Each structure stands twice: as structure tokens, then as C-alpha cells.
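You will see chain A twice below: alongside chain B first, and alongside chain C after that.
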Partner chain A sequence: MKNKTLLIILLSIIILFVSSNQINSININENYYYTKIENIVKKLNEIYYKGIRDERLNNVTTLINEALLNIEKGKKLKEEEKLEEAQGYFESTEKLLNEAEKMTNKLLEEANIKDQNFKIMAYSIAVISSIITYFSSILMFKFYDYWRFRKLKNCIILKREENE
Partner chain B sequence: MNKKYFKAEFLTVLLVSLIIYLSIAYAVTTPRIDEEYFQMYILGREKTADKYYPYENNRTVPLNTNVIWYIIIENYIRKPSLVLIKFKLGNSTTKTVNDSKFEPAEMPVIQEITKVLLPDEKWVIKLTWKIVKIEKIHDLHYLTLDWNGTKIPVNDIGSKDSFRFVIELWTYNNGKFILGWDSIQGRKVAWLQMWFEVQT
Partner chain C sequence: MNLEKEIIKLIEKKGKVTFNELLNHFNNKEEIIKALNKLEDDEKIAIETYLPKQTSFIEYLKDLSYTLWFYLTILVVILVNLFVFVIPNVYPYNIFRWIFSAIFIAYLPGFTVIETLFPSRSELEALERFGFHIGTSIGVVPLLGLLLNYSPWLLRLEPIMFTLTIFILIFAITCLIVKYKVYKNIYEK
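Up next is the complex of A and B:
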């Protein structure tokens, strides 16, 4: 019984230690978050150029803008040396940015597939169109040749009839 | 001989058409490079380009009188950007923005706001401010500003009575915020200034 209580106390101390360490591991340097945002923005840029320009981009930027507000609040509290409160804001910033990054990665994957398919389609159409042009030019030439030959033939017949 | 000649001719048609169609495909799949810029402007209390101050045709602001401005920032940089807007307060003696050297105004910062702007996105910032208190100690002005409901003391802003707000646009680039933005056309800067006098 005594051992059990001791074990429970020990476990709770370990849990407390781990959770307090987790809080302390939250980065309260705003530049870390700005760099994280810059990376997400770079990905958003790629997504935008690869053809995804819908509401989902707005959803990501809403999350980032919310995170930016938290950074501003955290920065202010940090300046006032209220580190614990600041940590809370930076913690939620981290969460928001992680979610935004997750959404961005998903969108980027979709954008890459879309872009690849679009490129394949565009270049295939180009190749098929040139083959069609090739055969149609042959056909047109054959038709022109046939028409010229018929005209020539008619002339010869007419000339022959005239001579006769 | 004749057949061979025609074969060569048709192959030329095939090659030329292939080049033309592939060029079109390349042009369609490659993004175009347009002029890149941000647009920043200020509107008065009725969201028009007038009525910036409480009195008509006069930039005097009485104490404890609300002034409402709308700052509008539009992203034509053709890519999502992290934008920072800095609001500063100074007077005619304080150093303002140097466009050619990309140097910011040397004035006290009132507020900083950051936002990610998508291409063609319009960001409207509503500002409501008033001068709560003004003091002149040893030829230097000390103002207390009510800025969107927050009281901000602004110390030591020069000796002249003509004050100005400077609004600067910064963007995040390679790990730091820079004044203006980098584009294909080179570094550009956008900033605004609004003069006012305090009626005591």
C-alpha cells in the first residue's frame, strides 16, 4: 500500500516535471515565429502560382493573422516582463502556425499534382496538335494535287476536243 | 525524287508546328512576370479622399476630439506577403523616410501591425485617435495620444508645433523586416505622412 502511494507520488512528480519542461520549451523569440510564417508564405506563393486560388488560401492566412496578433500580444507582455503570460500567447501561436503549416502542406501537395497534370495536358495537346497539322497538311496537299490534276485533265480533254 | 521532296516538306511542317505549339504550351504553363507593387493610401472619416480633420480645409485638431482615418493597403506584388505597418509620430524637425537610401523615419513608433496579404487583397485599417494632453517642457513637446482606445505617451518629439504621423510599409524578407519591398523592378518604398496642429 505504502509502495503504491510512493509510486503514484513519483509518477505525478515525473508528469509535472515533463509538463513544466514542455512549457519552458516554448520559444518566446518572435523571430522564430516570423521565420516559420515566412516559410508558410513561401509555400502559399507556390500554391498560388500552381493554380489554387480559392477560399482555402484565405483560411490559411486567417490562421496566420491570428498567430500574428498573438505574437504582438506576446511581444508586448515580454517587454513588460510578464513572461508566463507571454508564453501562453506564444504557445497558441505555435499551435496556430502548426495547423496553418499542415493545411499549407496539404494544399501544396494538391497544387503540385494539379500543376503536373496541367503541364502534361498542355504539352500532350501541343504534340497531338502538331501531328494533326502534319496529317492535315498531307491531306490538303493531296486534295490540292487531285484538284490540279483534274483541272489539267479537263484542259487536255478540251484541247483534244478542239483539235478534233 | 518527287516523293522524297514532299516527305521533307511535310516533315518541316511537322517540326514547325511542333515548335509553335510547344511554345504556346510553355507560355500557358509558365507564370507571367508583371509589375509588382503595393498600394497604400489614406482616406478620411467618410472613406473619401477628404474630411481628414475635424475642421474643413484646416489641419488643426482640437484636444480630445476624435479623428478617424482609414489606411488602405493593396497587394499587387503578385504573391502572398507578410506586411508590417508602422505608425510613427514626429514633427517638422524629425527626420523622415529616405526613399533613395531606404532609411525609415527616425520618430517614436506608436503602433505596429502585421498581416499576411494574399495577391490583390485589400487591407483596411481603421484608426481613431485624439490628442489627450500636450505639454511643452524646455521647448520640447510631450503628447499623450489616445490611439484606438489605448493611451500612449509620446515623449520628446521636437520643438515645432506642426506634427506629422508617418505610416511606413515594411515586408518580411529573408529573416527580417525591411522598409518597402523587393521586386523584379528593384527595391521600392511606400509611406504616407499626415500633418496636423494641436489646438489647445
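Up next is the complex of A and C:
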């Protein structure tokens, strides 16, 4: 019974250790970072198509470029089986990408707000301009009638010769 | 339909009638205007602008129903010159510069020339007139440019503006005088 309890405790300690190690460990699979970059780029595209031209977008691309360089270096070191050094590079990549993602999310949020404001503005302008067009066209027709009458008042009417 | 026939009868009886005489006779403004438009479209009558014989040139200038076109032309010419030479070419003022310059280049030269050549209403239809205004402008402006290119002032902004302004003003004033004479003589014809 005692042995069983000890075994369970030992096993749980091992599992705890392994899992905690998993949490702290840095992923040295470069595909993980590429997927992360892809997601960020998708968000950047969305921001760009929403008409946002901000200098912070340049900062994000710089971060991504740095991250890509780090991944390349990490990959090389991994191939040379210098895992600890590679892990250092991947660690900094993770940090850079997290920062880039944070900035992109912020920008995307701003872009969405601007987009919504723009839509509201566009709809209200459409409504207001249609009302103005309606009333101005009525006024213009009235003015046209008046002007036609005023011009005709100065006119003389003659019979036209029959066309052959 | 009856009104049209009656108008024709009245014209045949008198030879020519003024719009005021028609108003006194039939007493329904809207119906008369409709009938006149119909008769003019069917080419049964000709409507001509006329000036009473005793009207002086000053009175003619004061009556906007005859001369509004002249004042609008002068206004556009002044505005274009202001927007080109005085007001800075920055947003949002440059939008007005584009609009007035387009009218100044593509409409006014032809408008003044055609109105001088064909002053009375029945010579050209409204749509033909409008087409001629634009077409003549497109013909006149490049020719003026070509002449300027061989002149000592060359083809630059200031000489172009100066030449076009003078061209439009000369033809506008000529047209004003021609129209005055034609309108005055039309009743006697």
C-alpha cells in the first residue's frame, strides 16, 4: 500500500515536472512561427484594405522582418544541432512576434472603429444629400418655369413658313 | 388642342403677336406656354425675342431677361482670373478653379462666337446651340494656343489666360450689341 502511494506521488511529480517543462519550453519548430506571422500578415492586409495608412504599420513590418531573420538563424543553428543557441533565437522571435501581434490587434481595433464611423458618416451624407437634392430640384423647376415665362414675355410669335 | 388652333388663327389674322397679347386674349399662362412649346416643336410657329422700338441700350442692359448671359460670362471670366492669379492653388479652393476653368476653356469661347453669329432664337435649336458652343470652343482654344506658340510670349499660363479673356470679352460685347440690334429690328420685319 505504501509502495503504491509512493509510486503515485512519484508519477505525479514526474508528470508535473514534464508538464511544467512543457509550459516553459520554447517551441523550436519554425513552422509554428511562420503560421503566427501568416496570421499577423492577414490582419495587416485587413487593416490596409480598410484604408488605414499609419506609421505604426511600418513598425510592425520591421518587427516581422527581424523575427524572420531570427527564425532563419535559429533554423541554421538547429540544423547544426546547437539547440541551446537556436532556442535563444526562437525566444527572441516569440517576443518580437508577440509584440507585433499586440500592435496589429490594436491597429485592427482602431481600423474597425474608423470603418464604422465612416459607414455612419457615408449613410448620413447620403440621406442628407438626397433631401437637399429633392428640395433643390423643386426650387430649380420653379425657377425654370418662372424664367421661361419671363423670357417668353419678351417674345414675339410669328407663323413659320410651311416646309416643302 | 383648341388653344393651339386659336393661337394659329390669331397669328394668321394679325401676322404676328406678342406673348403679352396672347396673355390678354386667352388669360391662361400655363396653357399658353404649353401650347406655344408644342407649336414650336411642330415647327408651326417661330418664337423670337424682341425689344420694343423705344427701348434704349441702357434699359436693355438693365433688363436681366435679355442680358443675364452677359453678366454670367463676365462673372465667370473674373472668377477664373481670380482663382488663377490671386487665390492660392490649394485644396479646397482648387476645386473651384477646376470647375470655372473648365467652363472658361470648354464653353465660353464657343458660346460667345456662336451667339454672335446666330443671335436670334429660331436660327438654331437649343440642343444644337449647346453642341455648337462646346464644339466651337474645342476648335477655337487649340488654334489660339497654336498662334500663341509662334508669338514672342510663347505658350505659357499668363499669355493663355490673357488671350482667352480678351477673346471672350471682345466676342461677348460684340454679341451684346448684335443681339440689341437684331431684337430691335425683329418686330418691323
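As a convention for this text, the second predicted complex is superposed on the first by the 120 of 164 C-alpha atoms of A that agree within 3 Å, B and C clash if a C-alpha of one lies under 4 Å from a C-alpha of the other, contacts with A are read in each partner's own complex, and residues count from 1 in each chain.
To be clear about the criterion, a contact is a pair of C-beta atoms (placed from the backbone, for glycine too) under 8 Å apart; a residue touches a chain by one contact, two chains touch by 3 or more.
Predicted model, so just to flag it, every value in this text is computed and none were measured.
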| item | value |
| --- | --- |
| Partner chain in contact with A:N58 - chain B first, chain C second, else both or neither | first |
| First (chain B), second (chain C), both or neither touched by A:I37 | first |
| First (chain B), second (chain C), both or neither touched by A:F143 | neither |
| Dominant toucher of chain A (residue count), chain B or chain C | B |
| Partner chain in contact with A:Y123 - chain B first, chain C second, else both or neither | first |
| Complex contacts: residues of chain B adjacent to chain A | 6, 10, 13-14, 17-18, 20-22, 24-25, 28-29, 31, 79-82, 112-119, 172, 175, 177 |
| Footprint of chain A on chain C - complex, ascending | 7-8, 11-12, 15-20, 22, 29, 33, 36, 43-51, 63, 65-66, 121-122, 186-187 |
| Sites on chain A touched by chain C in the complex | 147-160, 163 |
| Residues on chain A engaged by chain B in the complex (per definition of touch) | 31, 34-35, 37-38, 41, 44-45, 48-49, 57-58, 61, 64-65, 68, 71-72, 115, 118-119, 122-123, 125-127, 129-131, 133-134, 137-138, 141 |
